[in-house]
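Each of the two complexes below includes chain A, the first together with chain B, the second together with chain C.
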Partner chain A sequence: MGLRTGIRTGLIAAIVTIFLILIGVHMLMGRLLQSWFYVPAHWPGVWLMVVLLGLWAGSRAVGQMKARSWGNTLLAGASAGIIQGALVGAALYLLASITQAGVDLRAWLTQMSQESIAALTLGLAPLPAAGFIGGVLLVSAVAGAAWREWRLRVHAARLARGERTVSLRERLLEIPAVAQVSSNPLSRRVLMGVFMVLLLIAPFFLGQYWNYNLGTVGIYVILGLGLNIVVGMAGLLDLGYVAFFAVGAYTMALLTAPQPHHIQMSFWLALPIGVLLAAIAGILLGIPVLRMRGDYLAIVTLGFGEIIRILSKSDVLTGFTGGPRGVRNVGHPVLFGKDIGNEFYFFYFILIGVILAIIITRRLEHSRVGRAWRAMREDEKVAQAMGIYTLKYKLMAFAMGAAMAGFSGAIFASRNSFTGPEDFVLLVSINVLALVIVGGMGSIPGVILGAFVLKGLPEILRELEDYRVLVFGALLVVMMIVRPQGLWPASRPQLERPRPEEEALEEAPAELVEGEVGS
Partner chain B sequence: MALLEVHNIHTYYDHIHALKGISFELDRGEIVALIGANGAGKTTTLNTISGLRHPREGSIIFDGQPIHHLPAHEIVQLGIAQVPEGRKIFSRLTVMENLDMGAFTRRDRAGIQEDLERVFKLFPRLKERRNQLGGTLSGGEQQMLAIARALMARPRVLLLDEPSMGLAPILVESIFQTITEISQQGMTILLVEQNANMALSVAHRAYVLETGRIVLSGPAAEVRENPQVRAAYLGEA
Partner chain C sequence: MKERKVSLGLLLRLGIGLLVLAFFAYRFYGVLARQAYGAETWARLAISGLIIGSVYAVIALGYTLVYGILFMINFAHGEVMMIGAFAGYFVLEAFAASGFSARQPVLAILITFLAGMTVSMLVGISLERIAYRPLRGAPRLVPLISAIGASIFLQNAAQLMFGSMRRTYSNPPALERNVGWVLDVAGKPVSITYTGVLTFAFSVVLMIGLYLLVQRTRLGRAMRAVAENKEAAALMGVDVDRVIANTFAISGVLAGAAGVMWGLHNGIIYHYVGFIPGLKAFTAAVLGGIGNIPGAMLGGIVLGIAESLAPAVLDMPFQLKDVLAFAVLVLVLIFRPTGILGEVLAEEKV
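Then we have the complex of A and B:
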């Protein structure tokens, strides 16, 4: 048994390792370690990645094993390591030989520089280099297998003693101070207050760059809260959400910029108009797609988002929209004769928007409208049977979500002094949807956390720039598997667990009974 | 005049002619059973009354007012509530939230509270489990919840679609007991069932539906004695 899982895991691990080498992730690791921990050379990071991949292979092989014994563990770890080591070694041998023959691999693989291969061969000839990396992988895999076996045994022993595994949240609550704060509304409020004060004074200390980035996170929080209404609360999968962001941005731009319309309206007037027009656009999109659900709705809204972008880009409409070059010199907010269109003031402006969006979302959640959305999300037909006019509430969801997107779009355009078609690519919709999903659908703190993780972290991890989309995809996949409810899921405090011990009637659970009848 | 009158309705699913001219009526306080095999058109009949589908021909008169062109939410407001086939409770919402949804069209807080107590008296198990997710209830409890949820709309007519479906015999017994109780409190009930035996034992009158047509009607006791019914629906030779 150990051998089979070992070989299979070794194959997968080899493919992953070769892929990561081909796209140059080992060099990235090397540079990350260099810049973060002041490591003097890049090879420690490179080899850290190699060792980690070996550990992972061995550990994964043991995790997949059914029959558990130290002999099996050794077999699984060794076979995984041998396969992984041999294949990766062979790949390195090929790469090194080709490079030695004077072929520049960068023509096909942009990351495969001489330097990148040298980091793995360490100056050795191709064959010994292959042997070396293979050996490192083998040793790491065996170590990984042993480590996993040990962890599993500890875990099993804990279970045997009747100790329950606890989630991170429960573990945090075990700390007395945390439990006190989270259960006491007053200290919670105090904590919130401290956080608010910190946020309020932050711009004085952060400087332009971070004020700008925090502002961007805030814009995405508003976008996320808006989409959360549509997707999380009403259950309508909208992939063209960026369209409403675009309506808000273009309204602001066209009404306040000198070109192409020479209207040059005040920012303060253009803002509500942008919100209003976005809400109207939401309703206009809503009407034709009212009777669609699920995947059809997703595809049609996706199309709508692209249509808006393509229209804004089209040459025919250049006179109206500014065309592919966009709109420059978008107006700034002016207060008491002072132009307050810089990162510093926009930070506060966006913060007010975020607070408004949170208040609106919370009110909606506990209102009749929120109740209707919840019913619709669970089952549209049954919602109708409960007397809920689903068409009306769908339109309201689209309009509310679009209004929030319009607000952020208008601020976005003014803050950048510019807007153009490339601000509204499909990726924006996907980003917003991803932050809602990663954070936790239907949860306000979840959306905020999601925006920080997906928009804020990449700014901190500048080195990751080239890999942003890759990391993004991987993060989404991992989240879907290990934590489908999101980082900070919507909480349901008064929930009780089923109480099987007080069954008054002798009765099997619903599924069982139905199964019997069906057969 | 009957409380609910169904005149010659024809309902289609695109080209499928599911109801081919059905007429019947419900008097105040009656339990009327609509029995028929799988695919006869029972659910379609209920959905046509509740406005989830609309008849292409014919009319439905509720308390003197035509309702066949009205959307579902207005029909609920007029006082017709449906317990859907397969229960269809909101499984990710709590029992309380499910009941709240049932009262969606109402705004009389006091009345809702009153009905909540009435419903909990009818189904004490639901009271015990009011903060539990609907999906974690057993089959019988889910059926109770589905009925309770419909009652929360304070309807004048209750449409029940196969309440015995998928339940163990002892639970079927208790559900029908409750249906009788609800009826005794003055509710008018249209009861759709494949379990003809049970349905006919609690109903006052019955209609037999076959491939979209009513083939037999009369007092429940008479229908029960009909040789064809005995052969086809009561499993007797």
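Then we have the complex of A and C:
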């Protein structure tokens, strides 16, 4: 029993380990430890990753086991470790001996530099190096198995004694002061106020770089709030959201820049025009796709986004949009004769935009329109039967979402003084979608949290830059499996006190629980 | 007298349709009147469209199979194809370096295809196991988002592993690109490349093979049963999970073959190479009627020829080829959302 789970887990762990080595995560770990904990060399980080993967393999093997005994644990851990160690060792042997023969592997596998392989072989010849890494994996897998078994036993013993496991949250609430603050509705407002004041004074203390990045986070909050209306509230999956961002940005750029049209309108006039044009574009896209099923909608909007990008790049529109070179010298906002186009002022400008967007979204959410959207999201047919004119509300959702995207696009173009086709790649849509989903579909604080986590954190962890999008992809999958309601789920107004058996279901947003099953 | 009701939507659609047709006719008339292209150009475009279309058809089959059973767009399908193309690339590199592909070109190509198909199959199976199976029974948006995540993940994993440079397939000397038989059309030469013939022929073989598999074998019957009704199939003793895993395996095999064909015929691959063909193949599947296997084949070939000829017919720059392909998707979804041959789906979908 233990043997089979061990072998299977070992195989999976080996594939994961080899994959992580091939994409260079071991070197990343090494660099991270160097820069954060001032470790003098990169090998501790590299080997920390190897040991952790071994521990994980052993622990996972035990977790999957059904019959529990120390003998089985040893068997599972050892077999997982042997398989993982042997396969990873073999892969390392291959890589190291090819490199030793003088072939530069980077021509095929870009991360496999001499240095990167040397970090794993530790300067040994290929065969002993393979043996060494295999041994390390075996030992750590057995250790991981033993640790997991011990944990499970402690847990079981605690259950047998009738002790309840206490979560961190419950433990915190037992402290009187915490309980008092968290039960007081005023305390939330005070916390919000403190947060706002911190945000207001932050630009005075942060440098240009961080003001710029905070501004970017703000722009993504607006984008996220807009997409949240379309995806989260109305349940229309729009993958071409970047198109409206592009409409806003190009409107601003073409109306205010000296080239290619020489209109040079004022920023304050171009901004509402950009928002309006984006909203119109939203309606124009909305009309043909209204009757489509959800998944067709996703792919059509995706295609639409690509069309906009290809068109803005192509020769057909070079005269009109500046083609692949983009538009330079986009106008800045001028207030009382003063150019307020630097990061510092833009931060406040974006903050005002964010607050406006939050107010609008909140008002919409609790209005007749918001309720209609939610009804449509839950079940379109029932919504229609209840007298909701779904076409109208879908168009409204598209227009509202697009207007917010147009607003942030216009600001984006003006702040960068430049805009071009490469600002509007599909990745922008994916970024916004990811932050809405990670934060919590349909939840305003969730979107803000998501923007900080997905746009702000990577700026702090610059070493992770290359791996950011990879992590986004993995995060989308993991969130869907583990926590589809997001980090900060939307709370729905509770008209009735839920009965005890329904309380468990309340955790997940209704569309995930009540959605048709098995269709 | 009975009053006939004409809905606004129908009128609108008719209007748009007439406008599109009029535009089409106007541009085409212009091209013909100017005699912008000779017969040999049209022949060349049609042939290249047919070849690319057959690749689209093979990819589209993967979309249609999965959609027919799970009602889900396997967004990462294009990436599965890309990984198959990379697997074939590495095998061919090794063969070219060792001189094997010069000595045994047939065997080399065969092994290349096998490698691409096997790797893609494994990726397809793991994809289903990791990203889709835990979400069975969840609302439709959830697996779709998971699929988008998987697609981004695979794309970036390939970029991190293999770098973002464009790589050229090292074809065996007997199967050089852009070399082939030369036909004589209206006094001008039109070449039919060997890679093109191989691509087309192998696509046809794969399509026939798939058709027989679905119609004649036990697994095919189980697949049809699961597509019809999962619960009933399970009650009849069909292992639904295994059938779904097998479906992903088959669609992975097809994607891998398409990837290798793409590499052999077009020559250039990189981490993003699966995205646009994947999108177009989905368009092809919708065009033919999703869930419909002959429909996917027809849709692929029609789309291939259409996108190849459209820029010439409409007198537009060839840069806009992709835009026209997406326009086809939008038009199909507006005018005939069930596709040319009609959808073959058991349950009504919302």
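Here is the rule we use: the second predicted complex is superposed on the first by the 465 of 519 C-alpha atoms of A that agree within 3 Å, B and C clash if a C-alpha of one lies under 4 Å from a C-alpha of the other, contacts with A are read in each partner's own complex, and residues count from 1 in each chain.
Operating definition for what follows: a residue touches a chain if its C-beta (ideal position, glycine included) is under 8 Å from a C-beta of that chain, and two chains touch if they have at least 3 such contacts.
All of these numbers come straight from a predicted model, not from anything done at the bench.
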item	value
First (chain B), second (chain C), both or neither touched by A:Q111	second
First (chain B), second (chain C), both or neither touched by A:M27	neither
If touched residues of chain A are counted for chain B and for chain C, the larger one	C
Touched partner set for A:L351, first chain B, second chain C, both or neither	neither
Partner chain in contact with A:K381 - chain B first, chain C second, else both or neither	both
First (chain B), second (chain C), both or neither touched by A:A119	neither
First (chain B), second (chain C), both or neither touched by A:S314	second
Contacts of A:A474 with chain B and chain C, given as first, second, both or neither	second
Touching both chain B and chain C, residues of chain A	381, 517
Chain A-touching residues of chain B, taken from the complex the two chains share	50-52, 71-73, 75-77, 81-82, 84, 88, 90-94, 97, 100-102, 104-105, 125, 128-129, 131-133, 136-140, 142, 149, 153, 165-168, 170-171, 174
Sites on chain A touched by chain C in the complex	19, 22-24, 106, 108-111, 235, 237, 239, 288-289, 291-296, 298-300, 302-304, 306-307, 310-311, 314-316, 380-381, 430, 433-434, 437, 466-467, 469-470, 472-478, 480-481, 484, 511-512, 515-519
Sites on chain C touched by chain A in the complex	71-73, 90, 93, 130-131, 134-146, 148-157, 160-163, 230-231, 279, 282-283, 286, 316-317, 319-320, 322-323, 326-327, 329-330, 333-334, 337, 347, 349-350
Chain A residues touching chain B - in the complex, by the definition given at the top	368, 371-372, 374-375, 378-379, 381-390, 492, 494-499, 502-510, 513-514, 517
